[in-house]
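Below are structures written as structure tokens.
Common to both upcoming complexes is subunit A, partnered first by subunit B, then by subunit C.
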Partner chain A sequence: MNTYKLDITKEHCPMTFVKTKLQLEKLNTGDRLEVLLTEGEPLENVPKSSVEQGYKLIETVNVGGTIHKVVLEK
Partner chain B sequence: MEKKKLSIVAFSGDFDKLVAAFTLASGAAAVNYEVNLFFTFWGYNAIKIKKGHSFTGTGFLAKFFNFLMGGLNNVPLSRLNFFGASPKLMTGMMKAKNVATLPELIEAARALKVNFYACEMSMVILGIKREEIIPDIKEILGVAKFLEYAEGGQVLFI
Partner chain C sequence: MSLTDSQVERYSRQIILKDVGGIGQEKLLASKVLIIGAGGLGSPAALYLAAAGVGTIGIADGDNVDLSNLQRQIIHFTGDIGVSKAESAMKKMQGINPDVKVNIYRERICADNAAGIIQDYDFIIDGTDNFPAKFLINDACVLAKKPFSHAGILRFDGQAMTYTPGNACYRCVFPAIPPKGVIPTCSQAGILGPVAGILGTIQAAEALKYIINKGSLLTNRLLIMNAFDMEFRTVTFKRNLKCPVCGENPAITELTDYEQPACDISSR
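Up next is the complex of A and B:
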């Protein structure tokens, strides 16, 4: 069980989704990915589309200001 | 759950429209759509192996025409192209604002396994050979096959 980290706070559409998806594809069952992202489209849609693809949303935490940490698990 | 599907006809060889096509393609693939990208006519400029002005193709006219059109490195902006300066300026602006550039979007589409197809008729008109376009092209096909692949999904013409 490994935990990976990904910061997409500086990215814009569509790379927010692209980078998350490419990182998620590397996970093995039980691995987690912590994604740092900003409010708005990334926060609304990165967790949503990941759950649609069968990943588990463990938690979403505000880590300060408009930055959130989304924890996903395969 | 059956995958949602997006099929894009990349007709335009313009820089900005290719950015739009590859943004939609990579974004949709990233949110788990099956994506088909069908290159036709001017869209061929994005998939030639030789990315600059080069005498691609067979036959005098085809070679001349392909030389004038060029490839991915000199696709023009659809408006305010200023003899090719604008796409370079635009790429600089995209980089400065940390927005994905056209080569990055193409690489993303590739990494996310977007299906690349090319039009058979355009290939004949432009006199381009299979080995002159990027190997990512899964198949050279016509209208009937495109419709078959696009069936049940959304279709965009860019």
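Up next is the complex of A and C:
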């Protein structure tokens, strides 16, 4: 089981989820992806869309200011 | 193969779809679809398939663009009158999406060229306007075990079905060409432009679904629509084991050109 990182703090909807999804697709089952994203639309939609498409939301952590880390698992 | 940043952005709205994703997009970019006929059905099909990033699109049409085509054949513009339809369609597809490789065939599909043209493609779209071509494409695809989308349009009406090997073919539903004069041609009866658009667009959707291997195709089903009352229905049917081309003892084992004048050939 491996953990990968992705920073989408500079992306806008819908590229936030598009880039997340493309990384999630490359994972093996059990692998995790730590996504750095900003509050607002990305924080609301990226975890929700990921869960809708069959990935697991492990946790969401505020890592300072408006930046959050969302941990997703395939 | 991996998607470039500009491809990710270009195809973002379909990559987001659960059933497409980057995996489906890569399949589309690696796929080859042949569109026979750059007319009312082929125009929207070609535009949507190019926009979706189907990597190789073949377009076959032996005609030149005519003023009377422009009411429904939306890939051709007024400035294209007199130009080969295949070339005109190629320019628009490449204009929409330079990722797409377009192969053009400036010829009418016939028994001598059909097998050779379809053999390089994963999926075929029948966008022709006459029964001899439709039966020939069916027979060629059945014999070559190639999936294809059929559509036919007239006045306010349209129908579509999809063949994949092992399922019912066009001849299972319509065993033989109707006699001349029984079904009017488009040039005699007319056609509402958007009906061509709806059916050609359905054909593009079938091609994309086949390539990404998702959803339910119009196999063993005939979709029938009427734009006058705006009604859609599907009729289910089974493969005919006595079908002259895909049945257990087929009478048709090689391609021949069928008789019946095609829609307004003589007026072109």
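FYI, the second predicted complex is superposed on the first by the 74 of 74 C-alpha atoms of A that agree within 3 Å, B and C clash if a C-alpha of one lies under 4 Å from a C-alpha of the other, contacts with A are read in each partner's own complex, and residues count from 1 in each chain.
We adopt the following convention: contacts are C-beta pairs under 8 Å (C-beta built on N, C-alpha and C of every residue); 3 or more make two chains touch, one makes a residue touch a chain.
Keep in mind that what you see is a predicted model, and the values were worked out from it rather than measured.
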Have a look at where A:53 lands relative to subunit B and subunit C in the superposition and call it first, second, both or neither.
both
Is A:3 in contact with subunit B, with subunit C, with both, or with neither (first, second, both, neither)?
neither
State whether A:62 touches subunit B only (first), subunit C only (second), both chains, or neither.
neither
Answer with first, second, both or neither: which of subunit B and subunit C does A:20 touch in the superposed model?
first
Identify the overlap between the subunit B-contacting and the subunit C-contacting residues of subunit A.
14-15, 17-18, 21-22, 49, 52-53
Name, in rising order, each residue of subunit A that touches subunit C in their complex.
14-15, 17-19, 21-22, 25, 49, 52-54
Complex contact set, residues of subunit A against subunit B:
10-15, 17-18, 20-22, 45, 49, 52-53
Parts of subunit B lying in touch with subunit A, wherever the complex brings them together
1, 23-24, 26-27, 29-32, 97-100, 104-105, 108, 111-112
Touching subunit A in the complex: which residues of subunit C?
3, 8-9, 12-13, 15-16, 18, 21-23
